[in-house]
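What follows is a group of structures, each given as structure tokens.
The following pair of complexes shares a single chain, chain A, combined with chain B in the former and chain C in the latter.
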Partner chain A sequence: MPLDQELKIVFAGPMGAGKTTAIRAISDIPPVSTEVENNDRAACGKESTTVALDYGQLLLEDGTAVRLYGTPGQDRFSFMWEILCRGAMGVVLLIDGSSATAVADLRTYAENFHRLNPSQPLVIGVGRTADADGRQLDEYVRVLTSRGIVAPVFNVDVRQRADVLLLIETLLCILEAQLPEANHAAS
Partner chain B sequence: MQPPSQRFAADILQATRRHLAELVAANTEITLALVTSADGFEVAAQPDLPVAQRISAMSSSLQALSEAIAREAGLSRSRNLIIETENGTIVVLGIPDTSPRLSLAVVATGNEILGRLLWATRSCCAALGQSLQV
Partner chain C sequence: MVARRIALVKPASVVDEKITHALQLFGSVLWAFQGTTRSTWILVDPEAAEVIVVHEGNPDQRIPAWRDAGKLIVEISVRDNPSPAPALVYPFRASQALALLERLDGQLNSQGDPQQAAAAPSAGVARQNPEPWSFVETLRTIAEVQNGEAWLVARDAQAPCLWLRADGAMYAAEQATIQAIRRGTLNLASLSLQKGVRPEGGPGSRAGTELSWFAAYHASASLAPWLKPAVRYRVTRWPNFGLIRPLPSHIRVAAALASAPAHADEVAARASVSVEEATRTLNALAVANVLVAAGDVGSPVPTSVTTVAPRGGFAAFLSNVRKHLGLGV
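Up next is the complex of A and B:
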């Protein structure tokens, strides 16, 4: 991987989409967590919520170190989104496909993170779907395209290391594909 | 966003408002004092400024980060967090033995002496902890 020796990738998405779980699934170190008691059970039934960041590390086979940062999902922590996206090579956006607000969440979070850095590649992972024929994912692609955002969308189970690695590897492929263009522009 | 009156019990709101009003009245260099839940919701603020909601979320993030750093360094739970700037100071302290877990965040002008501010805010936390004891 001729990209860099160290990469920073951000995991974003609404509360309960699985950002903390995804980082736990692939991190080579015990992740740094800032979870506290969730007092907003109306918005999400889970007991705890991330209020600052999650941090994990992943060493790829070629020796590239990937620093993994998870954002808090709630809008009131949007100041952390901006801070964590500084210097990031790409964003993995996780969406809870079983949520009634899944499409709206996709729209909101994809737009917000695209706005923070339009050149930053975005990969979407949709969890908890019963989407055997891929229709739900097709709809998500249409939503993104209508907003001028090009991003691959995958069905994932963020508890599965292989699924989360697929998202990371896709992001790295996009970055690699962008390299010749970047080199050309620099010359 | 739900107002604090719908999110927190009336006795919590009443006690926090009273203690914050006493703290600000006794310390004229304090420009904002607020009580926030660990997950960043404003419980009460004195004065009730629009920026209090945002500072509530930020202070809960900072407190969680300071606790994570203390953990990583093998230290015990962080007692307070101090941000000193050229023209003022921010102190964030955990309020003991409350459910939900609450914190006090205070913004003071540069004229306030840090030791005095810490003494006043720690006393306020102790009093709040006693009033809100589980």
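Up next is the complex of A and C:
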């Protein structure tokens, strides 16, 4: 099946933000990850990283498959974002809140995905914050608002399945709100 | 006799022998006084436990997840300045440990299902309150004052039960109190708020936005005094649901209001919730400062998603996805 004909959710974000972990938390199959040794330790300290994409899947009881794609984190693979996002139900953007480039990453990724498809549901999860009162995220919201992007920005820990599900549920609700035909799916 | 499941979490490495002794002593009390408490306390693994006993300052990263899952976390302190109740301070007497067990038993009885983190209102204490908005108004006021240095302590008839930073951005309470706030079973409007100090080594701090959200949500089934029934409102930015841990219906209402302005009746229809649920969520969104009257700012540009149409239509598809993932419906 062509990529743009699939039912899919895209997990995006910079290297080390937790895309692989998030997919692993909800996928019905062990995620297929094309990970290799990370030779860009200056950008991110983790040992291995995804060079092409991660793939997971939800197989619904009626046989429908929902594909879960994790985009590669490195900038040089940004051409893949457009390919993967075409026809997607939405994008879950993950940001590492402890990174010195967190705000810049947010700006880059959110602007890019918003430009590719302004109507595509976008949900943002920020991990590794030392932000018990949520004020770090207020700055993130200001950055998005100043660019005309209204998207949910939540503190999350993608190692917790419940947090990944919160992002997915929010994405589904946005989709529902934008698709009149989908209304009452939750009732 | 009710069986209660309790776990003792020993430190991964011995940092202070007193901690080991304290947990051993607690375990011994459980064993020696079996059959003398109202409920039977059975030692189990933490994942299966309703109550988990740890030493104060235990860095185990599973503890926040257990707490979020509704388990009661009891800290035993070996320090001179201990946590507030229900922590035990080592060395403690057996009678103190037994009193703690009975108190925990009472909390579990009043909690019902401890896994349920929040609940839609049913009988609701707030409905019987003549001034349902007094606590919420206090939160709104202190948020404007922005004094992040001081702490306030809220007391019920007997004792301090909630600590609130004076800018409203953080609060602290024992797990049972947090559950009661989220369920709306604690009558916040009846609490007296005074200047106090943050409990040293006490319960961990949580985001004040969670407190204000559920305080507003449970305050009244009617629209808050500062909202107008005839006005259409919309969400200009999303609340931080990662900190609030909302009910699924809250997310649906927020999404509906982010896509187009509405008043309570309209958003109820769009989000497939009751008008009361929509009204309560509007109140919570207003207190979270994310709600504006539609005329105050430009309306959002209507958008339509261009995504692949699932076989059988979106309604059935989204329902199947939720069912598959066990998402709250």
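Here is the rule we go by: the second predicted complex is superposed on the first by the 166 of 187 C-alpha atoms of A that agree within 3 Å, B and C clash if a C-alpha of one lies under 4 Å from a C-alpha of the other, contacts with A are read in each partner's own complex, and residues count from 1 in each chain.
Basically, a contact is a pair of C-beta atoms (placed from the backbone, for glycine too) under 8 Å apart; a residue touches a chain by one contact, two chains touch by 3 or more.
In this text the structure is predicted, and so the values were computed from the model without any measurement.
Asks: Applying the document's definition of touch, where does A:A88 land relative to chain B and chain C: first, second, both, or neither?
Replies: A:A88 sits against chain C, while chain B stays out of touch.
Asks: Which partner chains sit in contact with A:T170 here, chain B, chain C, both or neither? Use first/second/both/neither.
Replies: Second partner only.
Asks: Name the contact category of A:V150: first (chain B only), second (chain C only), both, or neither.
Replies: In the superposition, A:V150 touches chain C alone.
Asks: With both structures placed on chain A, which of the two partners, chain B or chain C, ends up touching more residues of chain A?
Replies: The larger set of chain A residues in touch belongs to C.
Asks: If you stack the two complexes on chain A, which partner ends up touching A:P72: first (chain B), second (chain C), both, or neither?
Replies: The answer is first: A:P72 touches chain B but not chain C.
Asks: Identify the partner contact of A:S33: answer first if only chain B is touched, second if only chain C is, both if each is, neither if none is.
Replies: The first partner, chain B, only.
Asks: Of all the chain A residues, which ones make contact with chain B and with chain C?
Replies: Shared contact residues on chain A: none.
Asks: Inside the complex, what are the residues of chain C that reach chain A?
Replies: Result: residues 65, 68, 169-170, 205-209, 235-238, 240-243, 245, 248, 251-252, 254-256, 258-260, 270-272, 300, 303-308, 310-329 of chain C touch chain A.
Asks: Flag every residue of chain B that touches chain A in the complex, lowest number first.
Replies: 1-2, 7, 37-41, 53-54, 56-58, 60-62, 64-65, 67-68, 72, 100-101
Asks: Quick one: which bits of chain A touch chain C in the complex? Just the residue numbers, please.
Replies: My answer: residues 4-8, 26, 58, 60-62, 64, 66, 87-90, 117-121, 125-126, 132-135, 137, 141, 145, 150-156, 160, 162-163, 165-166, 168-170, 172-179, 181-187.
Asks: What residues on chain A touch chain B, complex-wise?
Replies: Where chain A meets chain B, its residues are 32-40, 42, 49, 51-53, 72, 74, 76-77, 79-80.
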